[in-house]
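Next, two complexes with chain A in common: one pairs it with chain B, the other with chain C.
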Partner chain A sequence: MIEVVVGALVYSNLLAMLSVGLNLILLTCKVSNFAHGDFVMVGVYTALTVSTILGVTPYACLPFALIAGGVISFALYRVVFEPLRTRANLVMLMVVSMALDIILRYSLHIYADLAQAWLKVHTRLFLFDDFLIEFSGVKIPGVLVFSSLTSVILLVSLYLLLFKTRLGTAMRASIENPELAEALGVNVKMVFGLSWFLSGALAAAAGVFLPFRAMVSPDTGWSMLLPTFASVIVGGVGSLSGSLIGAYTIGVAEVFLTYVLASLGVSTAYRPLVSFSAIITVLLVSPKGLSGFLNGKGWKPWKS
Partner chain B sequence: MEVLTFVLSLGTLYSIYVILAASMELEYGELGLPNFAKVAFFAVGAFTVGALSVRLCATLTGVALEGEFKLRSYYYATLLSARISSNPLLGLTVFLVTLIVAVPLSMLLGILASYPALRLREDYLATTLIAFSEILRVITRNYEPLLGGTFGAGVVDFLAWLRSPWRELTMLVLCSSLAAGIWFIQYKLSTSPFGRALRAIRDDELASVAYGKDVAKIRAWTMAIGSGMASVAGVLYAFYIGSVNPDDFTVARTFLVVLMVTVGGRGNPYGSLVGAATYLLLDRVMLFIKHNIPLPFDVNYFSYIILGILILVIIVRKPEGLIPERPPLTVKLNKISESNIIQHNTEK
Partner chain C sequence: MSLLEVRDLHAGYGRIEIVSGVSASVSDREILAIVGPNGSGKSTLLKAIFGLCKVFTGNVFFKGVDVTRIPPYRRSLNGLVYLPQTRNVFESLTGRENLELAVRDVHESDFRKRFEGIITFLPEVKGLLNRKVKTMSGGERQMIALAMCLMRTPSLIMLDEPTAALAPNLARHVLERVSELRDEMGLAVVLVEQNALTALEVSDKALLMVSGSTRFYGKPQELLEDRELVKTYLGV
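Let's look at the complex of A and B:
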């Protein structure tokens, strides 16, 4: 049972980092970014590579993963999404992000093949070694402590950046009305690029913790993607704090429902159904999500 | 001989892809409804064959099915194919019955899937449909009595009564004539008043409502037609491959169809033909490279990367596709000018 609670918490922490990043992109560039799951895998493989080369615990590779994920995400924005920003419609942007998902995923596959030969470690279906941390006699898995710390620190700094700095004001202004912000001298391109960097960095940070709990391959990014979308949608599209609530709702619901169903004899392979059906139900029934319930804010994904 | 097999299988696959691309062209290209659950409707066709062909054939021949379906379906598929080899009528019955079951089923699901489009913005609609298609895949993958789960299901060979080159040739003729028929339906719909209504809804939904178009009904019909088409492709695919595995029907397949339509040109009925050909050409070139040029990694990965880059380049450089949309000529030009001249003359 404790194992289930730990699993749910770690999973929710990762979903929180992922869904806030995904929502940031939805807010700024209106891109339903299907390549978001691959940023996670960029984090995973950065951590694997650096920890193997330096011989340190993967936790210490967090800064490298942050930078790698952020830089790749920023590069994608500059090369692909910026030229399309004013031209393409919503579905086109989505198709573009799916193409990027495919490019990134199979590049990672090739990287995994090459790294296996080069580093002499398993690059598919591997697990990171974890250790226990003792708090006044209670032993807690390190991944729970570190993933909670990381997600809290990163999300609080994101909050501070958005709401307490001039740059954050510029970012929020560009989200509200890019043309007006641009007219007032905000470098919208730079601001959007920054939001892509932050989104990619958050996702890659989540990636560092993923292999502690689940065996991964470059395709795992896809299986993290739809739960992330579910978190964003449940929390309410357009509300970053809503995504946070959505992530913990989906994370806990997914793990516990699977646990309950498994004890009733239903296969755990049905687990993805929780988040898939959450997407459909919430969008059709209460499209503003939880944040719409709580404060009436948030966007309607419905047609006006 | 090898060349013949290659050409026959290429033609069959091309026909199946043309059907899929034509249905997507109608829904996404003309109506602007991003049906990203395309693979689900394709799968409905294939799954019907997987679930029914062995059982139906066994019932018709009086063979009792024993043991678990997931373990025995391939064995019975081989056994029953042998029965079909002496009884062509049985094979045709199996083919027709699966087609008759799959198409209405898929059309109904299509009508159901058209309703979220009433409310949702396009990108959320696409996400919803992707979730829908993944739900179908996860359930069929894990519910073993239906399709054998990850084992997949064996499919009887309904053309077992023909010998080797003739069997493949018949399959090709069957697939290509169905594909030609479906493409022609799509072409006719696209150039008809119905097609103009579709493009009107795509370009300005509010205006078409104001002009009295029943948008919900038109959407439901288009989805029904498109989904019916996709399920025909699924039935053909299942019989062509000879087995059905739920893991074959991932979102990647939807993406391939979107790619064909985008590359070919959205809104142009010829786009589906060109798009499917482009994809297949690229795929075969990659296969050729894989077999003839040694590389330190799996070329399949590389071919996916090339596909991704191709669609990026098309969208960034030539968003209208290889064959851009043109306003269809519904009345022949010379007829218009003739009638104008007559009118002109009478006015004089």
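Let's look at the complex of A and C:
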């Protein structure tokens, strides 16, 4: 049972980083980014590569993963989404992100083939080795400690950036009214670019921890996309604090329900049912998610 | 030398040309009023000058430099400020946050100095600092919007119908403030205004636009004396 609790918490930590990043892109550029799961895999393969080359624990590769995920996400924005920002509608942007998902996924497959030849390690269906950390006699898996610390530090930093700095005010202003922000001298392109960087970096950070709990391959990012979207929708599109609540709701529900179903002899392959059911139920009952349900309307990031 | 010069500007959206061959100029401490019937391209001309819509041909010079192809935020950093007709304040932010945003690139002491100057000119802003903009009335929002523009210490300010949706007495008050921008703060102003007669009273130059083209460009007094133009296009 403890194993299930640990699994649920780690999974929820990862979903929190993923869903806040996905929501940030929905807020700034109105893109339902289907390539978001691939940034997770950029984090995974950066951690695998760097840890193999340097011979260190994958946890130590977190800074490299943050940079790699951020840079690739920023590049996608500058090359694809920035030119489309004022020209394409929401559906077109979504379809473009689906195409980019395929491109990124196959690029990751190619990278996995090359890395396997160069590094002489398995680059598909592999796990990272974890270790236990002892706190006053209690042994806790490293992944629980490090994923919790990382998600708290990254998300608190994001909160401070958005609400306690002038750059954050410029970001919030650009989200609400890009034209006016531009009129006041805000470089909206760069501000949106920064939000893509942050989103990609958060997803890649989640990727560093994923192989400690699940066997991964370049396609795994796609399977992370459904619970991430479910977290955003449950929390409320546009509410970053809602995404946090959504992530822990979906994460815990998915792991525990799967555990209960498995103990009844039902296949764990039905796990995505939880996310799908959550999306449908929330959209039918309260389309603005929990934050909309609690507050009415309006854009209130963090303040749900 | 003119502060702002527009030369034979053709601009619009997508492939549609809205502004066709407009030329005008504004010097220091001068107000240019752009008037004309609805749909004549007045707001599009302002957007084109600021770089928010497509310029097909023609040029915009600001402080003697061709700014036609540079991004809007850089025009703003050079001292050209544009106040849109609607959605000209950030509703989710407080009055103070709106003002801070307008000058987030200056030092705190400089911010205070500018802020004191604005409060002398627009004393009503002082009571609005800690309120969220979405709780403010239309007039209060316009004051915050104007204060935001002034915090940037611009050389030229472009106002797109600052009196739209305001009660008549409040509209007159705002337009009086526009002439004070020139007289007390030494600014140049480009003013697009439905309230044509009042706008022409306070301005130094007038541009009458009809169907995207210049119908009259010159002294406001000369425009007001042309009975036919006034009757046909300004509805007076």
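What we mean here is this: the second predicted complex is superposed on the first by the 296 of 304 C-alpha atoms of A that agree within 3 Å, B and C clash if a C-alpha of one lies under 4 Å from a C-alpha of the other, contacts with A are read in each partner's own complex, and residues count from 1 in each chain.
Quick note on the criterion: a contact is a pair of C-beta atoms (placed from the backbone, for glycine too) under 8 Å apart; a residue touches a chain by one contact, two chains touch by 3 or more.
The structure presented is a predicted model; accordingly, all values stated were derived computationally and were not measured.
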>> With the two structures overlaid on chain A, would chain B and chain C clash, or do they fit side by side?
In response: fit
>> To make sure I follow: the centres are taken over C-alpha atoms, the vertex is chain A, the ends are chain B and chain C. What is that angle to the nearest 10 degrees?
In response: 90
> Thinking of the overlay built on chain A, is A:K139 touched by chain B (first), by chain C (second), by both, or by neither?
Replying inline: neither
> When the two structures are overlaid on chain A, which partner does A:A99 contact: first (chain B), second (chain C), both, or neither?
Replying inline: first
> Touch check for A:V188: first (chain B), second (chain C), both, or neither?
Replying inline: second
> Which partner, chain B or chain C, is in contact with more residues of chain A?
Replying inline: B
> Does the superposition put A:K120 against chain B (first), chain C (second), both, or neither?
Replying inline: neither
>> Per the contact definition in the header, classify A:R172: touching chain B only (first), chain C only (second), both, or neither.
In response: second
> Quick one: smallest Cα-Cα gap between chain B and chain C in the superposed arrangement, Å?
Replying inline: 14
>> Considering only the contact definition stated at the top, list the common interface residues of chain A for chain B and chain C.
In response: none
> Where on chain A does chain C make contact in their complex?
Replying inline: 166-167, 169-170, 172-173, 176-177, 179-189, 298-300
> Along chain A, where are the residues that touch chain B in the complex?
Replying inline: 30, 32, 80, 83-84, 87-96, 98-103, 105-107, 109-110, 113-114, 117, 222, 226, 229, 233, 237, 267, 269-270, 272-273, 276-277, 279-280, 283-284, 287, 301-303
> In their complex, what parts of chain C are in touch with chain A?
Replying inline: 50, 52, 71-73, 76-77, 81-84, 87-93, 97, 100-102, 104-105, 148, 152
>> Quick check on the complex: what are the chain B residues that touch chain A?
In response: 28, 34, 116, 119-124, 126-128, 130-132, 134-135, 138-139, 141-142, 205, 251-252, 255, 258-259, 262, 296-298, 301-302, 304-305, 307-309, 311-312, 315-316, 319
